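See the structures that follow.
The two complexes that follow have subunit A in common; it is paired with subunit B in the first and with subunit C in the second.
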Partner chain A sequence: MSRFSRRSVLLGLAAPVAALLFAALVSAIILGTTGHAPLDAFQAMLASAKRPRTVVNSIDSATTYYFSAVAVAIGFRMNLFNIGVDGQYRLAAMLSAAFAGATFMDGVPAVLRVAATIVMAMCVGAMWAGVAALLKVARGVSEVISTIMLNAVATAVVSFLLNPHRLAVSVAGSNNIGTRPIGSGGQVPGFGYPGTSSRVFGLILLAALVGVLYSLVLTRTRFGFELKATGMSEPAAVAAGVSVKRMVASAMLLSGAVAGLVGMPQLLGSSYSYSLDFPTGLGFTGIAIALLGRNSPIGMAFAALLWGVLDQSANVLDITGVPKEIVAIMQGVIVLSVVVAYELVRRYRLRLEQRDVGRALGTTEAPPSTPTPVAAMV
Partner chain B sequence: MRRPPEQADIAIALHGITKRFPGVVANSDVDLTIRRGTVHAIVGENGAGKSTLMKILYGMLKPDEGTITVDGRTATFGSPAAAIAAGIGMVHQHFMLADNLSVLENVVLGGEPRQRGGLDFRAARARIEQISATYGLQVEPDRLVEELGVGERQRVEICKVLYRGARILILDEPTAVLVPQEVDELFGNLRDLKAEGLTILFISHKLDEVLAVADEITVIRRGSTVASVTPHEVTAPQLAELMVGSALPVPELRESTVTDRPVLEVSDLAVTDPDGRHVLSAISFTIHAGEVLGIAGVEGNGQAELVDALMGVRPISSGTVALSGHDITRSSTRSRREAGMAYIPEDRHRQGLLLEASIWENRVLGHQTVAPSARGLLLNRRAARADTQRIVREYDVRTPGIDVVASALSGGNQQKLIVGREMTGRSVALIAAHPTRGVDVGAQAAIWEHMRAARRAGLAVLLVSADLEELIGMSDSLAVILRGRLVARFDPKTVKPEQLGSAMTGAGASAGAGGAV
Partner chain C sequence: MSATGTAVCAGTVLRARRQRISPLGYTGIGLAVLAAVSAVRVATGASDLTSSGTVGAALAAAVPIALAGLGGLWSERAGVVNIGLEGQMVLGTLGAGWAGYQYGPWAGVLMGLLLGALGGLVHAVATVTFGVDHIISGVAVNLVAPGLGLFLAKLVFRNAPGGGQKQSPPVRDVRHLTAPYLTSWLGSLERRQWFLVSDLAAVLRGLTFQISTLTIVAVLLLVATFVVLWWTPFGLRLRSCGEAPYAAESLGVNVRRYKYAAVIVSGAMAGLGGAFLAVSSGQFRDGQTGGRGFIGLASMIFGNWRPGGLAMGAGLFGYTDAMQLRGSDAVHALLLLLGIALLVLTVIQARAGRVVLAAVAGVLGAAFVLWFAATDEVPPELVGATPYVVTLLVLALASQRLRMPKADGQIYRKGDGG
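Moving on, here comes the complex of A and B:
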């Protein structure tokens, strides 16, 4: 019974593929009943997705989404719901943009300047998540409630600071205001892609690094093991000597630090300033992607790419006369159905495994469907 | 022992009921005959199979073999709804009432009386009042459940069952949550119900109560019915002996290995729960290397709290705990484990295992900071896996491999895995809570053997168990815990189960003659 048997790979793919097909079906039905031709819409999206410009934009979106998904997944691993990635990255992006764009940074060597910006963003993200961690550890406040509220607080703080009297300057030739633009010495160059002037974010390498580190920490370290154990069964973790409070605090801080990275590709690779039109809502997209990717470093990469492709190829729909909100519906259906599908697959896999054990030990008897037969008996 | 009941008298007859779980036979060949209009008590130790039997009767579990006859007709219940339709009702140990609804609403919940699309509360109210009056339940339909005391809630539960038309009531440990006055009231209610021709199945392990209220008593031990008696024929000690029994492989220690080197020293330990109530007070004992101290007591008298306090899971309000001479009163669970405290928790599914993690990951659990599981901050997967293979081999854990999830193993094999993982070379003390609960006889014998080996190796062992036979056989000394205090000490070589039983229930002060603490 190897860990990467064909069966386990197939079972792992079954749920997301089924969810995707189901979502396509639901979208097709909605399009059909509202008088659009589903096939035409899908074809238009597919054609658009193949264009070099869309490819680059999809990859860029995916890079951003991936940071957000990893931030959420760190919490999910121990049943901690960091809904506050959104506020964490916006505050982090704003403050680190102001920091990186400040006049005293102009003379700093490029590598150091970029590194300092990224570290600054991670610290701000961790600090904002740390507020929720502190409330939970010291007062038992649900992190769901506190992080949602901290999102609103972050919005207010950002709009307070993003003011010409404080951290912002007017953007030349528009009504927009933003932080002082980061000079070329503080930017991260992108990679070219044949057939388009758009460039792939240089920080995609950082996203890959974060993915690798996430995977290593989870599977190879004591901390990762304790995180997983706490998520699977808190009483068992406590009995095993895990301090749940410490795990809550460290998971939340780590999650916040990664959340701080969400705005970095956009800031350092494209907009070079935090202005009023900086992308928002990426934290919530991360939740959807973490769910779809099952918190797995590779699964989330594919999920982020799928999301990016869907988002970017949706733009073409308006031209073909199909409301592009259909893509939002599709994404919603994917998330809802994948959660159900994963649970079904999980149960099926457990039953298969129990049957295998029974067969291997020569007892044909099937265990009862409830997972705790003995506890029910005593 | 008693006259055979007439056919027409019989409310329920169970014949040859057998129920197996993987690796465990919960009920084997149970025969039970319950006469109409009687209070029939089912007694047995925890894990003897009482609850499984009642779940079968109430349609929550399906028997593998055997027949159920209700009112002379053979019945098969696929669900509790089918059992209710046949006139069988169950009052669970933990009440199933909605606090924010009135008594009336709770009683009709799930069986709402409909009348032309609306709810007919008037008819329901009349029914409830009539039931209440007939059986002396004193239930007031319009009060909110949250305002009611425990005894009143229980009467609402009984009323609910009667409202559904039950003629046969199963009461699962109904007195566990009641204070003595409420117990008396309940018994009064039961007599009223009996007088109206209802049949009551009363499940308990409190022998004095059983003798007070039952007309007939059936004793279950290790999943089988071992005796049917009437209260006039037996005394509480005799009943205890029937419950505990002396058949089957006997747990026993051979030559004494007790040394004079104290390992686990507890003095004047007290623990309070979040409400400020004392759950443990003035607990003092010393366990020497190579000694097993058994803790006997009726469940819920502080055993779980004692184990939690020793493992550092629950804060201690006063007193000290020392391990090998070092004070560990304020130490974390992790540092206690690192200092060599091994732990077999009471509930292996909740506290002992990660059910959805692989076997080798469960080997790491609790030992994630020390070799061979860890190397610095990193997990040493290879060494952990190799050591898991060793445990599987040496402790005879029946599994096809170490990548199987823990929930796929039978209870006995799960427990052997836990025992194997805790018996590392570094262990100096073992806290074992109900180590053989819910495991099959083979695994039980194996676990006892491993505990003997641990004792030989010089571990100090604290054994908490509800199995008196196990306690007497496996302990070098015995202490009885009652309401959070150690109330008596016995020498297991000379103690009789009935003496222990009396001390556990606080029945006779003379029981402490073995040496009060």
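Moving on, here comes the complex of A and C:
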């Protein structure tokens, strides 16, 4: 059976579509029971999503989310759970912002300066993830727990460093504080879009590059093969001569390096400084998007775009009197229902395949199969 | 049934027996730790290290963490990892705020418990029925709960008297109890500032003065959890689901039902922890839980998936939490304490022949002592990181005895035992 047969494509699309519909339904029910008109809210969001400004902002959010999703997905591919993307990108963005904004960087040529900033961010992200990798490899500490702890430690370190006595300066005209702004020589210009003054992040190209590299490494290199092999069956990988410890360490470091990029589009494309209002929590968004996109480079791109559109068009809801948190609920329901849907599709596909096998073997009855989804729900 | 069930867990019980310390031993260790803290207090003059105020604040801070940890214990003992504790706690704060301002604090507590249990039910449906990865489902619960909390807060609290977009109207606190006579006598003893004696008096006073009724409920739940999970057939079967679900299944245990029960109780405990936060601080606020669900999870791992260890872990977190609000000299003295603890660990590990670990612990310990000697205060921003750093250190340097339930986090599919 070909990998891209009509049935497998349909089944592959069934789960995300079903999850989206289910999430819309749940949101509609919540809106309906709390006295709002669901259709009006959805229409307002749709109208907002079509505006050029929202389009640009959605693409910009999606760029940021995509880095985060790829960082999470690298870990997922070998059953590593890097919950620490959140701390890794915040620390990386903060330190590289201070580095790029420092006075000695003013004379450095633009290309070199931007490249140095990005490399710095990747190194910091990898270093912070490296702590978890070290604990896992040397002491067998679950990366879930250690990265949760490291997120909290990163929060403390960032607030310690982001202090006027250390790396921060006051932002003019407000009581916000941030790192010294990066001069025009260290910024990445954006692309214009007709109908709005907002610009598409220039680093969207880097996001595309990371996506391509991610795909190439996984499908065309020995490292990628070993990564996937370890994720699918550790004993089999060990039997084939893969050093699991080395794989854990390199996957975690790579994941951290990509996590370091999460803050870059925002830093180099729009805020030019790491201040108190720098976006937080993007690491968790990345987990959701990686799940929705099934760790596939293309799937995650669509998922990131969907997330960006939902987030940006939600802003209009507060004006219409609907709390915009309905979108957060919708997103959570999407994550949960998409994994449930994938599981149901998996069971269904298994049954189909068993039936095919049964037919090929000449027996008329299907071999015993796993319970049907309906029976499983009881 | 219980006889065959015993066979399932016999191995676990035997291993646990071997390393168990007698109650007298625990008392001795506790006194030794207190003596060390007391010595540091006398040496540095940081009286807040053991003042009854600190101990009381530590206890209040430890309760929600311990409740979240208990939630983690229930579900992980049945083999389901529950990262969604944080979200279930948020639901607890929401329920307590909503019912609390209308019908009084105990109604709030009940509502928080119920909403938390509902969060647990969602996690159970996803993980047990649909076989979703436990971490993924937990992350999803953590995504939905704050969104739902804020959504409902905007709807029901905005127009309520004294409420706002992100907070509920005020909720009355439950009654606080004080042990009669004892506290004034202990208080006079505490003021003498004697070595060890005053510290012991301060600790006792902190544990008996103005104690929230909910704290007492939490302590009772801790004891009840131990009794139910370790001394009843129900608990034995529940734990067998976490150790060897297919073996339990072959003995006739309805593994799914036990997992459901465990995860729902888990959510209820976390919800109760959230309700404690809302009731004791006087209202529901957005972001009130502040990661305590995760810390609860860490305290349970810290405590080796046992109620007593969990309580110790929660106490440690509560203590460092309370320290943040105390004088800066007490926090500074904490550095010395941490250094000493690491140096003691160095000796223990060196005697056990683990050279590398001992060396790492020794270097870190020396660094903390040096940090203490070279500075006059700890930057306040870093104090908040203490519990997390301590957890990392414990996991990194002293965790060779931690043993989680054998089938923890694994997806169970009925009849797949092979």
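We take it that the second predicted complex is superposed on the first by the 350 of 378 C-alpha atoms of A that agree within 3 Å, B and C clash if a C-alpha of one lies under 4 Å from a C-alpha of the other, contacts with A are read in each partner's own complex, and residues count from 1 in each chain.
What we mean here is this: a residue touches a chain if its C-beta (ideal position, glycine included) is under 8 Å from a C-beta of that chain, and two chains touch if they have at least 3 such contacts.
It should be emphasised that the depicted structure is a prediction, and the values quoted were computed from it without experimental measurement.
When the two complexes are overlaid on their common chain A, residue A:356 makes contact with subunit B while staying clear of subunit C. In the superposed model, A:220 makes contact with subunit B only, not with subunit C. In the superposition on chain A, contact is made by A:236 with subunit B only, not with subunit C. Once the two complexes are laid over each other on the shared chain, residue contacts for A:11 go to neither subunit B nor subunit C.
When the two structures are aligned on the shared chain, A:343 is found in touch with subunit C, with no touch to subunit B. After overlaying the two complexes on the shared chain, residue contacts for A:49 are found with neither subunit B nor subunit C. Counting contacts as defined above, subunit A residues 376-377 meet subunit B in one complex and subunit C in the other.
Per the touch definition, subunit A reaches subunit B in the complex via residues 1-3, 219-226, 228-229, 232-233, 235-236, 238-243, 350, 353-354, 356-358, 360-361, 363, 365, 367-368, 371-378. Taken in their complex, subunit A has these residues touching subunit C: 30, 34, 81, 83, 135, 139, 141-142, 144-146, 148-150, 152-153, 155-157, 159-160, 163, 284, 287-288, 291, 323, 325-329, 331-333, 335-336, 339-340, 343-344, 370, 376-377.
Interface residues of subunit B, counted against subunit A in their complex, comprise 20-22, 24, 26, 46-47, 49, 51-52, 55, 311, 313, 332-338, 343, 345, 347, 349-357, 361, 364-369, 374, 377-379, 381, 398-401, 403-405, 407-409, 411, 437-439.
Across the interface of their complex, subunit A is touched by residues 83, 122, 126, 129-133, 135-137, 139-148, 150-152, 154-155, 291, 294, 297-298, 301, 379, 381-382, 384-385, 388-389, 391-392, 395-396, 399, 413 of subunit C.
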